[in-house]
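Sending over a structure as structure tokens; questions will come in a sec.
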Amino acid sequence: MPIDQLYILAFGLFCLGVVSALLTSERPKMTNILSHGLAVLGCIATISLAVSVFASGGQTLVFQFDAPLGLIKIRLDSLAAFFLLAFGIVGTAASIYAIGYSREYYNRRYAQLAALYNLFLLSILLVLTISQVVAFIIAWELMTVVSFFLVNHEYEKNANTGAAYLYILMTHVGTAFIAIAFLLLASQAHTMDFELLKTGMMSESLRSVVFLCALFGFGTKAGVMPMHIWLPEAHPAAPSHVSALMSGIMIKTAIYGMSRFFLEFLGGGPEWWGQLVLALAIISSVFGVLYALMEHDLKRLLAYHSVENIGIILLGIGAGMVFTSKGMPLLAGLAWIAGFYHVFNHAVFKSLLFMGAGAVLHSTHTKDVEQLGGLIKKMPYTAFFFLIGAAAIAGLPPLNGFVSEWLTFQALFFLPKAVAGILGKFWAVILIALLGLTGALAATCFVKAFGVTFLAKPRSAGAEQAAEVPWTMLAGMAGLSLTCVAAGVWPQWMLGILEQVVAGYDGINTAGLFDNSQWYAVAFETRQAGGVLTMPVVVLLIAAGLLAAIVFARWNGVPRKVSGETWTCGIVPTARMEYTATGFAQPIRRAFSSVLNPVDEIITDKSLNPYHGVKIRLHVHVTHYVNELLYNPLKDGVQNLAQYLTGIQAGSLQLYIGYIMAVTVVVLIISTRW
Amino acid sequence: MELLTILLLLAAILQTRVSNLRLAINIVLVQSVIVAMACVIIGIQTHEVHMFIAALLTSAIKVGIIPFALYRLLPYLHEEREIVGREIVKANFSTFMTLLSIILSYGLISPNLPGVAVASTLPAAVSLTLIGLFFIMMRRQAVMQIIGLITMENGLYLFGLSITQGLPLIIEMGIFLDVLVAVVVLVILTYRLKLSLESTDTSLLKKLKG
Amino acid sequence: MYELILLALILPIVTGALSLLQTRPAALRTVNLLGSTAVTGVLFTMIYRITQENVYSTEFFYVDHLSAVMLFVVALLTFTATLFSLPYMEKEVKDGSISELMLSRYYALFNLFSFAMISVLIVGNLGLMWVAVEGTTLASALLVAFYFNRDALEAAWKYVMICTVGICLALFGTMILYYAQATAGGAGYALNWLALRGIAAQLDPAVVKIAFIFILIGYGTKAGLAPMHTWLPDAHSQAPSPISGLLSGALLSCALYVLVRNVIIVQAVIGAEYPQYLLLGVGGLSVLIAIPFVLAQHDVKRLLAYSSVEHMGIITLGLGVGTPLAIYAALLHIVNHAVAKSALFYMAGTITQEYKTKNIRQIRGVISVMPLVATMFIVSILAITGSPPFNIFISEFMIIMSLFANQQGVLGGMTLLLLAAIFAGMMRYSLKMGFGIAPAGMGRVEVAAPAMTAMGVSAAILIAGGIYLPPLANSVLLQAAKIVLGG
Amino acid sequence: MSTTILLQTIVIVLLAPLIQGIVKNTKARLQSRRGPAYFQPYYDYAKYLKKDSVISPTVSWVFHFAPYIYFATAIGAAAIVPTVFTHSGVKFDNLFTLVYLFALGRFFLAAASLDAGSSFGGMGGSREMFISVLVEPPLMLALFTVAYSADSTGLSAMAAAAGALPVSFSALLAAVSFLMITVAETGRIPVDNPDTHLELTMIHEGMVLEYSGRPVGLIFWASAIKQLVFILLLVNLFIPWQPEGFTSGLFAATWMLFKVVLAAVLLAGMETSTNKIRLFRVPGLMAAAGVFSLLALVAQ
């Protein structure tokens, strides 16, 4: 099928999904099958769209149609196709998952939810393919508005509305910056067409303004650290199949926007652009994961991990920018590929994890890990898929997270080649050490999340009565788990795609970057340095090790297993004796107390019996310095200032007439001076 | 003409010292009479018929109906008066401002519009407008503010007279109608204010803010 | 055409007079529905005729594409306002807020008000325009004071005083303009707009410049431009909600229209630069000044009123940029804003009538009381704050785009950020009202069909306008923009 | 090539308990005890691998699976750690691969520690992960100093490059740093005490407390392998110096073995001469290790 027809097909399927949901609003079951089914088909069409772009050899396809606003241009180049691929895969899985998951919402404005869901998919499709400034901003804001309504879908809880407000406010400010960046470019290039935006002649300082606006604008949507505050609020509030899409794909569209700017519109820039991106990236990754570790709400925890992973993605991108600025096209290619690989990986495993969290929520009706436990026995498949996702996000071999983190490590390792002197070495080594720290913290966090949620005994009645989720939900998760494995064990195909994506941009060269002559290794060879990644060998090593372990363990025949209760000093073990998530994170909370500033509150309930002691609860929370030092003062300051300024309208008629006189006099004076 | 101008400004200055409502209405009535006379004089000078009609309208509306309406209002407003010393700006200061605006008008505005036929009345007209504006700003009584508005309107009218011998008749009639309706509306509002607030002190009207 | 103009002027008067003679609600309803349908029909026919004939001009009347744009606004808004008034005011009577006698007065004043607005748009003489504008103030003053309670009286008093002072300045300016015309030898067609434009080259620039200052401040007062906007939140919040919608959507637009008519002439005399800088300054200030009030607000209708100040600022910015795109966008924005803001006032009216308070803090959970109204309200708030894909975004973005294209990127960027601040305030309060838990005792409420239609039509235009602009409308706007540019 | 890998792996796996025995024996001697035989760990592991295990009914497959994967990652690490064999051809022995292989094993073991539902296991797991978090940055720093001079992240390339460099202050600093890391990673005093089951002090032992029989044999063996791998890293990357003539073949192997034994003795000596420090003093220790590495980088 020709690509433009495929595009129209995907577009049409999503539109149909919206319409069918609205038409069948009286019959939720039908809505569910119809609109989510159409969404699945649309996402599959998107995948084939992306695949055909790559199959055509990264050919850029442009087609346009007239719209009242002017020409709307759709452009499918390799960059868009790559993001479409990630979107298609995650979207397919999320839509299949939604068939099962969204049943919970049958009596809560179901048609609206299904319609918005399809509209959300549609808007992402548009964002990734539109190639005209105004239409892009419309699609961008459409995506925001639709997801805002999705976040606010369960408005029965006040907190959700607050989260939705914070979300739309932050992204609206971000969009303002994006619009500034675009308009500055457009006013220099005298065009609204993406393809021609780079032709504008701009001074270096103006380019830097565009860069900063794009970075902060898209960074807000991506959840880069000082602008991330909406993310841990909004993602948990949305229904889980939506959170999966938001965290998996929507924040990646911001990376897409940044890539468009940094690769295409601006081309290379001065070195400090890349360094700034690197600095923001490392802050996001370390603090993102630290805050994640302190969370007990499963979905908030995952949301903070999105901050972390966006940081890892930007480490690759930032390094790429530094290399480009220093005229090292091969290394730049490597770094950008590392970033993009992580984009894909994070899309896959984060969606998977959100779906897993959604499954837990679906069965137990709680997201609080302290209330969970023992689910691996009630929901074995969910547990397995969640474990795959957890291992992948922790960067463990042989899954996909490892590959992209490996590439990122390599890219950072070569950073001193671009930044000469001891400072470059220091910077590189600090970034590597902190990325290592991030990895270790992420592993800790997912040991906590997985262990406390799925292992040991249930900690609440909800967890006790949990049951495995419907097969559609499992199918969605299974698909993504497979993708995690596929992109981990066999990275060659993805690297091939990514070479196509980044090749051809100014200052980047991937020709001969990867040597795929041996089946088991991806070797890359730049003129300055090299590295080898051998995922199949790693798998082989682990497999061989497992084999050896089994051989050793079974040397003396199959062991007899004697069942015996866990030893708890003679007491019958109960779930209350289990290590809690709070306890698990305690050493790290204490070690990082200078940046987390944890506050322990002991809440004593003395109402029970004054003689037999009291009931004590420990409430621990950490300080979010970004809020404390930036947003809260800002909010208060703005509010106080606004309150103060409302004194302008003091209610006195005389004052008002005074304004008119004053302005008359001022304008008269100005005009005589003109 | 010169004499009329001086009388007019004198009336305006007098106005700033008045606290009694009835007296204030009287003064504004005198003002309107002077404006009407100015109309007549210009009519005689230029032999324009419509100036006489304008004079007639002025006397009918500004000397007749408007003061009549205000007088009718007065009985409802017993014991209402501008309390001297409680004005937003003290009486002396407001007189001073009035004088200042007169000086400013004469000093600044007349050189800027050269070649006007009746140049001497022009600064007077401007200063009358300014005085009206100041008057609204400095007084609290609703009726006083209405009077300020009428003063301003008089100034404007005189301004029109002095630079262009008045606007076309149809527009003038429209303006007269507007002034009339404005005063009627304001009188209704004042009456209602007295009913609801038991006072026509506009400094009480500060509830709507922010 | 002449008959149409006469009809457009006579019909509201007749409807008003008939309303005054009626007291039965049913009769009032019929008379006004028929009357406003007729007026709207006449106005639409007029607009259609203009698209065919381009311009209609007599000694007193002058209608061209620019007036057509505004006539569309007034036609649509008087119609929706009437439609919305029918159930709204009857409920006011039922609730005991007003007496039945007042109802007929309401309609009489309402029709007088629309008469005044229509006459602003079809007279071709700057002096008469002034008279008509002052007429709108006076017709609406008693509507603002309609409840005759303390707050309403206060608002009306300020409204009349400030607007009259402002409009006196405009008269001052108009007189100076007339003086310029007279000295240039064009006294024969005194203040006739066409005549003035014709002899613009002969006018004395220094005099016209001074005239422009007073005209800008005078009509700016009426159009709610900062810092002369102070009457606006008071009047908008105290008037009955249909009237608030009309004030905000139609009246402000009319005032801007008169300003634009004057600017056309002034630009022809003294060049574009000076007026443009003044307009940019006033426009920017209006956007800026609205922010604190939107951020710290307690009254839902005041919130909307300040948003009107902001939008008047944006339109003025567009006029100030002065490129064809900007003018086009500014005119489109006038239409868009009128539709959106009137719809919002209707919705706010429905909500406040049900909750019996305008205090934002006491309004909660509208979505569970009136789901459709609440949804439309949130969507309209999104629209009015310039979120795509609604119509306001299109025009707003075009204005900002033209700022950037006109080498005023700093102003454009700042405007974008200021708009984000407005967004913060508007969204915050509307979400608080829209969602959450409704106060005890508030059950689900059915909204009367006419009111729903009025809101629905506007909301539909909001959404449709973001996606599609009919070619006819487009061509009218283009023609109008050409007129503003002096072509 | 694959034969040398196989050979290396088998040797390391088989030699690991001996090194463990040497450490234990030396430690005992230093403390004036006689100590277990050098080959005692072999007997122990053989016995463990014969025993049945007591399994809590609370646990899931994760608990059963963890020892195997832990052992597997140790073997994987053994295959890629640099020894005397220089792997020409494909260099898949990447340092990040090594680090993340260990992370994989640790991840499962820590997860399994939560599975039995006792507080000890959870506490052990929590602390183990905590230590790993603290070790990671200095580990990366120390390895980077070597990798930077080799201009490669391949382990054998790094070993080759390190061997070519003369003895320097920078290298010594890095060596000290890595020694501290080794102590932390292998769970030795002053970070952890491998010989105690006192609930307040144990970390690694606490984590595997619920295991018995064959699984525990696998775990202990894997720990021994991990210890040897770290010692090998230490001797090949950080103290790679060889006397003239010992550069290849059997001589090199003997020399390396000598260094490994020396390092084992050194570890035992360190363990005897220091106290176990409080858990929250460990960050300071690791920060010191990081600072040493950074200094090494500066001195390079």
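A few comments on the model shown:
Should a chain be cited, it is by its letter among A, B, C and D, assigned in written order, with residues numbered from 1 in that chain.
Simple rule for what comes next: contacts are C-beta pairs under 8 Å (C-beta built on N, C-alpha and C of every residue); 3 or more make two chains touch, one makes a residue touch a chain.
Keep in mind that this is a model prediction, so the values were computed, not measured.
Relative to the centroid of all protein Cα atoms, the closest per-chain Cα centroid is that of A.
Inter-chain spacing, taken between the CA centroids of chain A and chain B, is 69 Å.
In whole angstrom, the spacing between the mean C-alpha positions of chain A and chain D is 35. Rounded to a whole number, the gap between the C-alpha centres of chain A and chain C is 44 angstrom. Centre to centre, using the average C-alpha position, chain B and chain C are separated by 31 Å. Of all residues in chain C, those touching 2 or more other chains are 157-158, 161, 165, 210, 233, 293, 296, listed in ascending order. In chain B, 133, 136, 145, 202, 205, 207-208, 210 are the positions where the chain touches two or more neighbouring chains simultaneously. In chain A, 646, 649, 653, 657 are the positions where the chain touches two or more neighbouring chains simultaneously. Touching chain pairs in this entry, ordered by label, are A-B, A-C, A-D, B-C.
Of all residues in chain B, only 88, 133, 136-138, 145, 202-203, 205-210 touch chain A in the complex they form.
Here chain B touches chain C in the complex through residues 112-113, 115-116, 129, 133, 136, 142, 145, 149, 152-153, 156, 159-160, 163-164, 167-168, 170-171, 174-175, 177-178, 181-182, 185-186, 188-189, 192-193, 196-197, 202, 205, 207-208, 210, going by the rule given at the top. Those residues of chain A that touch chain B in the shared complex are 646, 649-654, 657-658, 661.
Those residues of chain C lying in contact with chain B across their complex are 60, 125, 127-128, 130-131, 134-135, 137-138, 141-142, 145, 148-151, 153-158, 160-161, 164-165, 168, 171-172, 175-176, 178-179, 182-183, 187, 190-191, 206-207, 210, 233-234, 237-238, 293, 296-298, 302. Note for the complex: chain C touches chain A at residues 157-158, 161-162, 165-166, 169, 209-210, 213-214, 216-217, 221, 227-228, 230-231, 233, 274, 278, 289, 291-293, 295-296, 367, 382, 387-389, 393-394, 397, 400-401, 404-405, 407, 409, 412-413, 416-417, 419-421, 423-425, 427-428, 431-432, 435-437, 466-469, 474.
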